[in-house]
Structure formats: C-alpha cells, structure tokens
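So, here's a batch of structures to check.
There are two complexes below, and they share subunit A, which is joined by subunit B in the first and by subunit C in the second.
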Partner chain A sequence: MTTVDRIAYTSKLKDMSPAIKAGLAVSTLLGVLVASQNVFSVAVFALMTALCTAGSGLPLRQYRKMCAIPFWFLLAGAAVVAVGFSEAPAGLWHVRIFGVYLVVTLDSLRRALELFLRSMAGVSCLYFLCVTTPVNDLLGLLNRMHAPKLLTELMMMIYRFIFLLAGLAGQMAVAQKARLGNAGYRASLRSVSMLASSVFVCAFQKSAAIYDAMESRGYDGNFDFTGELSRSTGRQRLIFAAYEVLLIGAVVAVKWIAG
Partner chain B sequence: MNNWQKRSMKASVIVSMLMLTAVPVYAMHIAEGMLPIQWCLIWGALFLPFFVWGFWSIKKQCAGSGRVKMLLAMSGAYCFVLSALKMPSLVTASSSHPTGTGLGTILFGPASMAVLGFIVLLFQALLLAHGGLTTLGANAFSMAVAGPFVGYGVYLLAKKCKAPRVVSVFLCAFVADLFTYAVTATELALAFNNAEVSFMQAWGKFMGIFAMTQIPLAIVEGILTALVFEAIASLCKDEMPALCAVTK
Partner chain C sequence: METMITIEKLRYTYPDGTEVLRGVDLKIGRGERVAVLGPNGSGKSTLFLCLNGVHRATEGRILLEGRPMAYDKKGMLDVRRKVGVVFQDPETQLFCVDVYQEVAFGPHNLGYGKQQVHDSVMKSLDAMDVTELKDRPPHFLSGGQKKRVTVASVLSMSPQVLLFDEPTAALDPIHARQLMEEIDRLNAEGITILMATHDVDQAYAWADRAVVLDSGVVRASGTPDEVFCDVKLLEQTGLQTPFVLRTYRALLRSGRIRGADSPPHTAEELEALIEEV
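This part shows the complex of A and B:
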C-alpha cells in the first residue's frame, strides 16, 4: 500500500495532467472489455507494461513482482471457468466426481484463456493508473468533475486516515509479535481481536482530537482544496486524441475480423 | 507409480494448493477485467440507488456537526485497515483477510456502509490492486450492500429473540460474510454460464469453491468480530460515551 503510493509520487509521469492519465487508463480498460479478443488483450498488456516501466520509470523487476499476484490468482480463476460438467466422459480431460464428469473441452479452455488474458490486460491498465497518479490528483480530478463535495471530502479524509491507522496497526502488530502474541492459534486470535479493538478506540479518539484541532483553526465544515492540478499541454491533448482514435479503430477492427 | 503419474499427481496437488491459498485472499473481490462489460454496467446500475440512499443518509447525519463527518471518515479508514489485517486462518497456512463489514454495519448502520464500502473498495483497487474499477459496481453490490443489509437483518432478528449480544454480533458478521460470497458467486455464475455449463452448474461450481474456503473464514471472522465488539463495549464506558448507545 505504502509502496504503490510511493511509486506514484516518484513516477516520471507524476506531473502529467491526471485527466489524461485517467482517460487513457479507463478508455483502454473499456476497450479491452468491449473487444475481448486475445490479440487485443496481449497488445494492451504490452503497451501498459511499456508505459509503466519505460514511461513511468518503474523497474521491470518490481513491475513483474506486482504482476505475479494477479497472475496466480487469475490463473486459478480461469482454471475454475475452464471446468465444465457432463454426463459422459468427453473433451480433452475428464474426471469422475459424485456421478458426474468434470470435463475440460477445447471450447472451455479457449474461453478460460480469453478471460485470463482479458483480466491481465485490465489489471495492467489499472496498474498504469496506480503507478503514475497519486490519489490526491485523482481526488482533485473528481472535484473538478463536480463530484458531490461531501463525497470527495470523505474520500480525502479516509485516504489520509488510512495511513494513520495502518501505521498504528503496524506498530501494535510488532509489539504483539515481540511479546509472543502469535504463539499458538488461540493467542493469535486474541491478539488480532485486541489489535482491532485498540485501533478502533484510537481511531475514535483521533477523530475527536483532529476535529478539535481543525475547529480551533477556523474549520467551518468545509474543506477547500487549493492545490493546482497540472493542466495538459496542447501536444499531449493531440497525442491523446490520436490514441483514442487509434484505440476505437483497433477495437472496431478486432471486432470486425472476429465477426 | 511411474514418472508421468508422479508428475501429474504433483501438478494436481500444486493446482489445488494454489486454489486454496490464492482464492481466499482475493475471493471477496472480483478482479479487474473478469466481468464482461454488460455485467459491469448491470451491477453498477443496481448498486447506484443504494449508494444514493446511503449518501443522503450520511448527508443528514453530517448536517448537525462536523464531528460526525470526521468519525465516518475514520470508520471508513478503519474498515480499510481491518480488511488489510491478517487474520489467523484455520484451513491453510496462509492468512486471510476479514471483510470488516459486519462490525461497520452494527456500529454505523447498513446505509452508511454502502458509501463507506464503496470508497474502501475504490482505495483497495487504487492502492492494493484488489478488485478493480470496472468490477467496482459488482464488488460494491456484494460487499457493501448485500452482505451488510442481510447481516443487519439477522442482527436485529437475533436481538429481537433476546439472544446474548455475543451471539447476535457473531451471527451478523458470519451471515454478512457468507452472503457476500454467495452474491459474488451469483455474479460470477451469471457472467460465466453458457451452452455447456448452465447457470445452476456454474453457481454450484463457484459456491463449491467458496464453501470450501470461506465457511471456515466466515466462522473466524464471526468470532473475531464478537471479540472486538466485546472489547469496544467494555472500553466505551470511559472512552466514548457516544458509542455506548450503539453497543447496548
């Protein structure tokens, strides 16, 4: 969590307009879902990998490590989708369980592969947004798009408090570990519940303290964001428009070839 | 056993281990790109009214004082941290994560959980790459709407039956957890049925996997929530009189 946040703040593309980055990621994501073709998914994954590593300056090793988690999980998910049921043995592989056959056919395998590649491509689009755009910029963007003020304020505060509480919980976990709080199952269950309740009490007290501190500095129930969002340059907008045209063209072409 | 048999045996063990360890950690959220576009839109549309309702309810709660807003934000962050917390797991060596919706529902009500859950899911997608942007609607519907509402119903029912507080809190978290997974399985089954695999078969497939991993998980989360709630209730006397009304 802290690492993704740090990566975003140290990205080479950090000062690019968040509107362009979010637009790029979301439109490509939608393109992947609409096209849902293997060639397209692989191409998007390659493009996003290039943008994350060469474009944003993330070391390839770190990017590979980030991709490993969804890779295994999506593989398991695709394996579940690949398995079908049949009354009789059929397909490439089958096994008898409780009177029915679990079968894997060529068709279901193809579907599973399509799902796997589509999801990996989607995850890479999400990663592009995560590693190039700090959350504060995204919240600023939401504000500019006239999202309800209460919502962006809540998000702003939650974002700030997450790191506060995560730090607290981390410290408590270390303290518990140092005192053998995790020796045995019963002890670890007790430790986790103690940790969760202590963090809750701390959160409650902190929220009251923060409110007092803000009120004494003239807080009237409204947050005003003063940070400037970086604007896009004319050249960036041109490239973005060209990319969108290309993307839509590619989706249409891929759909048309696939029938 | 010949060589080939040994190898296939090993491969099957690895695959089953993989399913058992990988699925529980991420199972509560559908990953980015898993759902076809029409289902993303449908679940998003179904979630929207709950979100708007929760938003108005929060707005009403906040109208009186800014203190409530701060507390709601803190509890949203608490839900996030709770869901990132490692929970000792019974089945596998790996640890798993609680959903944290049971506790939030009892403390703040299901309506505000719809909004807080949505924000938590968004940050999980952006900061941890759990879940995703296109599957946000589906995930929010199962974790921030279906689970909390049913869990809260069970909690009220148990309270009405004069069950001890520990039992009703346990039931709320347990049922909220299970129902979240049941709805997630339904969402997946609706998206992944076809001529070969009917809806019921697909549902059985996803439910079977969830049942294997999530029922023990839900029990652990139920116990955990009951313990946490007891601890909060015992502390609340001197620390936070405002919450005492809820914990009674």
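This part shows the complex of A and C:
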C-alpha cells in the first residue's frame, strides 16, 4: 500500500525547509480564500498540481487518484449548495416535493461552482504540504512555532499507532484468510467483527507495553522533540519572498478586476 | 569481581494477583555476561522490568552498586540511566516518528542539554551502525534494523547494565550473529549484559554465567559448564544439553577424540578437537 507517508519520504522536495513549504501552502490557501475567484482557484490548482507532480516527483496517475477522493466528496457537497428551496417554481430547473419546490438557479449554480473550485484549490495547497513534508518535519515545525505540547504529542502518538494497528490488522486479516475466514459472506462478516474486537483489545495491550518501554527509558510525562529541521537557503528565501509578492499582487489584481 | 546488582528475596505479584517472582536471590558482577534461561512464564521478562524499576518489588529488594533502589523520581532516573532494557518486540519500544527522535527519547528524559542529546544520539547510532536511518520512521525499517535501533535507543542513555529479552529470537542467522557481535563489543567496553534466551547453544557458547529461572525462583546459577553438566537440573527444568556438548561427549565415549581440559563451547572449538586426532 502506498501511503501519503511514503510519498512524502520519497519526495524530491523532502529536504527543503518545512517552514518554507508550510508557508507556501498556507499563504496560497489564504490567497484562494481571500480572492474567491474561479480563475484564481483554477490557476492555484494548476500550480499546486505542477508542484506536486513535476516539482515533488509524484506520478500524475497517483496524484489524480489522490484528487479523486476530495473531488467526489466536494462534488456531492457542491450539489447540495446548487439546490435551494422555494415556495414557487423558479430558476433553471425545479421539482415539487412535499409542497415545496427544489430549485436550481443560475445564481446557486454559480455559487456551487465557485465553492467547488475554491475547495479543490485549497485541497491542492494542503496536498502540496502532505506530499512533500514528512510528519516528523511537520511536528518539528509545529513545535518550533510553540504549538501546544498536548497537540503535538497526540499527533505523534496517533500517527505511530495508525501504522502499528494497521499492520496488526493486516496480519490478522491474512491469518484469517489462511483459515478460510473470508469464505462466503457470513464468514467474512464474522471475521471482520472478530478482527475489529481483537484489534481493539490489542491496541490497549500494545499501549500498555509501549508505556512500560517508555517508562524504562525514564519517561515522566514530558516529551521533547529534538529533530533538526532543514534550514532554508538564501536562494529559497528569495524565491519564497518573490512568490509571496506575486501571490499578493495576483490576489489584489483579481479582486480589483472583479470589482 | 565487583558486584553490580544484588537481588535479595525479590517477589513480584501482578495487580491481577498472579505471583510471578517468588523470592529471587542473585548477585551479578560488573562486566559479566549472564544468560537467563527458563521456560515461558518463568519470570524472565518480569525480572528484567523489576531490575529497571518499571515494576516495583512487592517484597525483597534490589541493590545497584550496593545501594538499594529508590523508587522516588530521582532514584528512578538514576536506575533507568544505569540499567537499560531492550524489549523482545521492537514494536513496543519504537513509538517515535523517526529514528533520531527515538534514540533521543532517553537522553531527553535524563535532562541532557541539546548538544549532549545530539552527541549521545549520534554516538549510539554510529555504534549500532544505523546512522543512515536516522530520518526514517519506524514502519519503514526491516526487522533487523528495528532491533538495532531499539538497542541504540537504550545505548544513548549510556547504561552500565543492558538487559536483552530474547534479542535474536526474530532475527535471521546473519543478523542474529551481527547483533551478538555488537553485544560482545558493548560487553568488552565494560557493560554488564543479561540476556534472556531459550537458545541453550547460544547460552552455553556465549555466557560467563547461566542462570536458570523456573516458576519464579532461581533454580541454578553458575558457569555454563556447571549448569549444563547437571543432568538432574536439566531434566527437571526441561532444558536440553547444548548440541556441542552432547556431540563432544558422544565422540569422547566412542573414543574418537581425546578429552580436553574443559569441554568445547562453540562449534569451532569442537572442530579443532576433532581435527587434532
């Protein structure tokens, strides 16, 4: 299974300063929200797609697969926005249900499209961060920005446990299959329920064992991150500054043109 | 030999009421290599957790370098710095997002400064030959690499005693041999090693002393020669005679080789004896 995690570790931009990457993603995301213009959203999506694929080295096919998830999700969300209620028939299309009309107007369609494009552009900004920055860099950055310890520690533990439990569940599923646990619908259902409950129990046992192991190395409830973050080079900072100026310029220009 | 650890009438009962250790008495010298043998459930792992202070003795006491273990915060930090545990399953030990953090975890808890943490991490990464893995998350490591990282994560606290719970159990022969070489090197630097194992051949060849634990008490403690020549003891505790020793005896009985001053411990020593004839 290819995880986002593995993608981040093999990214061509992995060793770039996480502060720059996060700054780029977040500022662009803010730009998208402030500009709120379809042209701008599409341009950002195109830019981030280029950065993720050509820049970071992610195959286009895989990027497309990653985008399919938010695409369908947002499409469903936008569809709800496109449809409104009305007491009288109106708009481009309408249908009568339980005494009210469900209507689609040009205006609501426009709003749905805008929302959809803006969300996709926002997702692409975060994807850029996800596919180029391993979790430990992200945690290190959050820590340096003095994010609450509780948050970063929880993130770290949850991250580790996802892989631990996924690995465990995978092994158990194979062990069940080896004994025909998936022979037929009923057996499969039974196997899955058994799997879920034993993974649950194992999670508790594992966490107790991990706690023992942490205690044996002197854990007293405080955890410090020490990892070193890659520093940005002068050139990267310059490019970043130029990008920010361009971004702000573009946002202002788009807003101005739109009136 | 200077005494490193003294265990006196140690008893430990789990919160659920199972009494696992029922009066363990043992003395371990500084720099000794001790193999702890015994069937599953005999209390090996529990004993290790007691020696590191994770489990608090229900009765009896443990002395480190002659001083009784103190269970207050300062005392525990001291115990955990001196005694490191390498757990059997690396998964339970590795929890950080990358190898560097993992190895830095112990030194941090000891309250080292930033530079000191870095130095001790790099030194132990180097000692276990895993420096190039330092930015990897644990789930991208192979079994052998995970094991070495767990050793490094304990080594970075510069312990004087290392407790290994079946270190080679899940490793292939090549990685197992490499790990044993690393362990020997640590031992040569003066670290006392205790190793829980089921492998009688390994214990017989490697250890200065073999300790047999059974149902929570020490059944025997002595040189491998003493322990493995005690036929009655082996029978009672279900341990087998090491392969090398058994072959040596058979060859001796059939008059194919001449007796040596002490029986051979490794396959190489046995080979040399056979080739002598």
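Operating definition for what follows: the second predicted complex is superposed on the first by the 226 of 259 C-alpha atoms of A that agree within 3 Å, B and C clash if a C-alpha of one lies under 4 Å from a C-alpha of the other, contacts with A are read in each partner's own complex, and residues count from 1 in each chain.
Everything that follows uses one rule, which is that a contact is a pair of C-beta atoms (placed from the backbone, for glycine too) under 8 Å apart; a residue touches a chain by one contact, two chains touch by 3 or more.
The shown structure was predicted, so the numbers you read here are calculated from the model rather than taken from an experiment.
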Touching partner for A:A82 - first (subunit B), second (subunit C), both, neither: neither
Touching partner for A:M16 - first (subunit B), second (subunit C), both, neither: neither
If touched residues of subunit A are counted for subunit B and for subunit C, the larger one: B
Partner chain in contact with A:I210 - subunit B first, subunit C second, else both or neither: both
Partner chain(s) touched by A:L115 [first = subunit B, second = subunit C, both, neither]: first
Partner chain in contact with A:I7 - subunit B first, subunit C second, else both or neither: neither
Partner chain(s) touched by A:V26 [first = subunit B, second = subunit C, both, neither]: first
Which superposed partner A:L189 touches (first subunit B, second subunit C, both, neither): first
Subunit B versus subunit C as contact partner of A:L247, first or second or both or neither: neither
First (subunit B), second (subunit C), both or neither touched by A:S197: first
Footprint overlap on subunit A, where subunit B in one structure and subunit C in the other make contact: 5, 135, 157, 159-160, 164, 206, 210, 214-215, 219
Subunit A - residues contacting subunit C, complex: 5-6, 9, 134-136, 139, 156-157, 159-160, 163-164, 167, 206, 209-210, 212-220, 222-228
Contacting residues of subunit C [partner subunit A, same complex]: 49, 52-54, 73, 76-77, 80-81, 84-85, 87, 89, 91-98, 100-101, 104-106, 108-110, 114, 117-118, 121, 135-140, 153-154, 157
Residues on subunit A engaged by subunit B in the complex (per definition of touch): 1, 4-5, 26, 29-30, 32-34, 36, 66, 69-70, 72-77, 79-81, 83-85, 105, 107-108, 111, 115, 118-123, 125-127, 129-130, 135, 138, 148, 150-151, 153-155, 157-162, 164-166, 169, 182, 185, 188-190, 192-201, 203-208, 210-211, 214-215, 219, 221
Sites on subunit B touched by subunit A in the complex: 15, 18-19, 22-23, 25-26, 31-34, 36-37, 40, 55, 58-59, 62, 66-67, 69-78, 80-82, 84-88, 90, 115-116, 119-120, 122-123, 125-129, 132-134, 192, 194, 196-197, 201, 205-206, 209, 220, 223-224, 227-228, 231-232, 235, 239-240, 243
